[in-house]
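First chain A sits with chain B, and in the next complex the same chain sits with chain C.
Moving on, here comes the complex of A and B:
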């Protein structure tokens, strides 16, 4: 992995370098919402901070992590240098420029609109341009991934694409579909208004376009974790992957089922009819299929390894697994959090049950558990697995790494479980300050304080993670074995062409998107406009004589 | 057919067949459930006809069409919308021209726009957009106050923008409250109810903080700065909003908020905002 090593490492450092301050911010936000005294207790600062936390975590960290992971996979799994590395460097520069623009605008207090934009709120044009450069720039990565997979297929006719490459290409295609919504919203609605080229903002159309992104982006975040489960975990346990075909089907189903479902984020919005809300709610449930297939495959793969290591009896293979390996430990903890978060998610996506928890802290708690918990803990494990291969230096301490993973797991549970309950009690989300002298709010006080403690544990864990990575990076150089991906029990000699590429599935997804989103978007042009004047968060006063 | 050679349309391939059949099947089930069954069932009242059910599932309800019964005339709270044309008009206002218009205001609003009576607001330092909107509301009869309606009718929109610009540039009247919560005069952590309402609102009653629109947290276009305003004036406006006597707030924001406030809260808020701020007394 000579050629793209620096490329991948740089992407990972950007991701984890920004991750740490964003975790600290999250903990401060928790503190500010609590009855405990917090420094800098200003609502305006809270919203700026939430915007920064969301933008960094949801756009910057994840995109850079996935891109770095993709470059590393392309070179190691295909066993040849990355094609288009110049384009990849250009992509890096564009994305970094965009990230800096967005972060600087938020820090200047000119973009406190939260990372989901919420039109008709209007931020400074610099923020939108920055996010546009970051997400639009990452489309170069999407092209590079597809070019590498297609090029390899052309040079190796009839041979199955290595699973890791197949999966990261599915991730790239999914990201292109997901990003289409937010990019259209930025180009057609927000940037023209921010520059003053248009007068009004069609808030409902903006929300609808963003919903295309809002759910699929979650699966874009989750995909690297699944790739690790399928291609790295069986290797780390010393076993084999249970089924290559099931893995391919899982990634195909994630690609097709995670985009035409975003309207379930708008179940309480008035601009859409109940039919399309139900349709997309129904399609959302299908994501259960690849999730359960994964749980089965991963458990079966782990059982193969556990029995190979001497585990006996019905469940004796579980303790026989090498739990001191960060990848194994992280996967186990991930499945626990995925299970808890997944059941919560079923409530969110249900048309009727959603109304109980809509816009409450339950939702924030849910996505922190499933993304911040289940997904990010796998990012850590991937980093621990990749670091020796990228730096050529061994991991400084597997024991510290395991400690870090446990801390993250408990921190996340301590933070999110009370947070869920506060949401059920009616605590609204996106609120900076609560008056704990009010009886309605006072009964949530102890729950919120427990969440704050969890947040501090998470900060400790994040510091530990960066410390382990830095120590490993600065350690003495020594050769380590190259990255190997898990072999399947029955390694595929050839696979049907439909399971070796995405032409069929992208076409099916196009049809699903036309059915699910065609009318909901077209209606804004056919029937009604929801255009309203913008609320400029950057505006202080147009002619304030006192300034 | 050329299309048959492209992979997604090679229907003899079992995976292609499975892909399309399962997609079609799932869509058909979801569409029938969502548009036929769910659209038909109404929460209040008997099931509707299939056609109306489908329309309602699409989000088209029958009462969107022309009304069959005579409707009461639509009442809008103001004629002003914050379009760029409006903002450009306000921006073109000339403070120098405004001096002449402002001579008509001094009798009630005080010398240089600093009021000495609780009946009339201080105008100095008020946002130009606020003054412009209020003048238009008086002109259009959206807000009522004795002589003001006649005075506003005598003013052209250009003259309104001029006088608005004049008062907005005066520095001796209203000021934006700073970021410090403790400017109510209390040490931090021991906020009075008025300070809490001003900066935190009351989520349990659905009252947003005053600071969210009137500054400093954010300034909503059309919302005046309050610090330095006459307390009796603020209190009476709150009461007028609460009782629906004053109705020119866009989206009924102030009417909704004020109707939730107790008379005591109105008074303490008015006193909080009227209290002098450091070396900048409201009255001269």
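Moving on, here comes the complex of A and C:
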């Protein structure tokens, strides 16, 4: 990789540079909710911190990581310089500007509305504008990815697009669909009100638009991890990918099924009828399919490698895998966390079962396991794989890298298993401090303390990760192997056009979106008088119960 | 080790190491297993929803949050527990920064109970821990949840949605008492939990 090296590396450094302080914040927030003494124990600081943790992790880290990964993939998998690198740099500047604006506003205490906004709560306009620049700016990246894929297809008629490029373009398209909800909410509702151009806020419409983003964004976070499973892991194990077709179908299904399902985040909301809640709850089950396909494909690919390395018997191929390779270890740990988290997720999306755990710590546990655990551990593995290619210097220590992955895995389990249990006991989310003299709360004290220990393990792991990357970056230059992506055991000579592009799938998704979201959004223009005044988050005294 | 041809990393897998036909057959088996898994999950979802008669608040009922105090069913004198002619009970609550009004309500056990909630400012959440009574409270809408309490006892009622900088202080209480106890209470006792 020659041309996009600095571009990709800078994106990764922004992502991991912000990741570390956000992990520390998360640990402090857990300490604050526990019966243990915590420094700076002010509720207002807690909510500002949750907003920062969410904004950084959900918007900044993930978007920069995906963009950097995308540029690297475009150049290495297509084997030619990135097209549109000027646009990519402009995109970087816009996204950085937006991120700085958002973070500064939160630090000033003017935006404690959490990253999910919760209208009619109102933050400073600069926060919304910052998030808008970051997410809106990243649409340039979406275009760059599509331009690169389409340009390569034009120059190589009849040849299948390399799987990694196909998958990152699916990720980009998915991000455009996912971002449409939050961008519309910002442009139509929050930014006009924050600048005082409008009077009332349509809170329920805002929630509904955000729900378009809220589920699909998780798949946007997850897709780079899946790309690594399909294209980097088989290479790291010394094997081959089991099936190219199944891989393409997986990414197509993620694109098509993960957007028209967001209403399952609003199952407990009064502004939607049971019909559409039930429909989207049902559609959500289809998102399980690509994950199940992946479990088969990845296990089968690993089995090929394990048997090739001398593994015998029904399960003998598993210990035969090179577990000292960070990519292999991370993938194994990822599948364990994905399994546990996925089980919890099936309960969340079930129309009725969700009422037991909605907005309890169970939900926090679920997405920390899926995103913070399964997804982020693959981000680490990708970084370890990419670093030698981007810096021209070998990874300083694979042993330390593997230690770091194990620490992250155990830290995440020790954190989230107690959260799941506390959630079932009824512990609400997003509460700054608990009164442990209440018997209801006191029962959860030991669970909360265990999870704090998990949080500290996570902090240690995050520090170790950045240390490994910095040490590698400062090391001696040496020749490194170019990045190679896994080929299928039976490499495709040609694939049908439906498996070589996204026009058909984007059209199907458009129809699904009209069916799933058409009426739920249109109804707000038919209902009379439900808009409400906005409430500035800093306006009311904390201790005053009435107006 | 490098010279040994059996070192897997020195001798990459050839194309077709697993024949295409084997791949296709495995995939077909896996698709069949996936369809069965999905079917089981969907059946569980439908059965728990319909047979368990669990229905999250989906009444889509609008209300003007600016005139709650002035007119309609959420005026102050109408809040709290009301006994309906058919023997069921309706509880009306307003969620606001940072309290539920009233802060405590009494309901009878073994009777149908209908909670009707709305907000006069921001989004709040209503949860009775360890039950499936759970709803968002969105300003501009009325949330209706129906349930029946099998046991007597106290349920805490935390707000479970971030509603501002005092969110952590927003805890209220539902007290479930026997029908006889409930019938003997005055209207004021039912809405104010005067026993405590």
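Quick note on the criterion: the second predicted complex is superposed on the first by the 535 of 547 C-alpha atoms of A that agree within 3 Å, B and C clash if a C-alpha of one lies under 4 Å from a C-alpha of the other, contacts with A are read in each partner's own complex, and residues count from 1 in each chain.
Operating definition for what follows: contacts are C-beta pairs under 8 Å (C-beta built on N, C-alpha and C of every residue); 3 or more make two chains touch, one makes a residue touch a chain.
It should be emphasised that the depicted structure is a prediction, and the values quoted were computed from it without experimental measurement.
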| item | value |
| --- | --- |
| Overlay on chain A: chain C relative to chain B, clash or fit | clash |
| Partner chain(s) touched by A:456 [first = chain B, second = chain C, both, neither] | neither |
| First (chain B), second (chain C), both or neither touched by A:497 | first |
| First, second, both or neither for A:535, with chain B first and chain C second | both |
| Partner chain(s) touched by A:433 [first = chain B, second = chain C, both, neither] | both |
| Contacts of A:196 with chain B and chain C, given as first, second, both or neither | first |
| Partner chain in contact with A:512 - chain B first, chain C second, else both or neither | first |
| Touching partner for A:20 - first (chain B), second (chain C), both, neither | neither |
| Which superposed partner A:353 touches (first chain B, second chain C, both, neither) | second |
| Partner touching more residues of chain A, whether chain B or chain C | C |
| Partner chain(s) touched by A:300 [first = chain B, second = chain C, both, neither] | second |
| Common interface residues of chain A - those touching chain B in one complex and chain C in the other | 43-44, 271-274, 277-278, 282, 286, 428, 431, 433-434, 438, 440, 523, 527, 533, 535, 537, 540-543, 545-547 |
| Residues of chain A defined as touching chain C within the complex | 43-44, 47, 50, 112-114, 118-121, 203-204, 207, 238-240, 242-243, 246, 266-274, 277-278, 281-282, 285-286, 288-289, 292-293, 296, 300, 304-305, 308-310, 346, 350-356, 358-360, 424-434, 438, 440, 489-491, 523, 527-533, 535, 537-538, 540-543, 545-547 |
| Of all residues in chain B, those that touch chain A in their complex | 6-8, 13-16, 19-20, 23, 26-27, 29-31, 33-35, 38-39, 54, 56-60, 81-84, 87, 90-91, 124-125, 127-129, 164-165, 167-171, 174-176, 179, 181, 189, 196, 199-200, 202-204, 209, 211-212, 215-221, 225 |
| Footprint of chain B on chain A - complex, ascending | 37, 41-44, 196, 199-200, 256, 271-279, 282-283, 286, 428, 431, 433-435, 438-441, 496-499, 501, 503-505, 507-508, 511-512, 515, 519, 523, 527, 533, 535-537, 539-547 |
| Residues of chain C defined as touching chain A within the complex | 6, 8-9, 12-13, 15-20, 23, 26-27, 30, 34, 37-38, 41-42, 44-45, 48-49, 52, 54-66, 96-99, 121-123, 125, 127-130, 132-144, 156, 158-169, 171 |
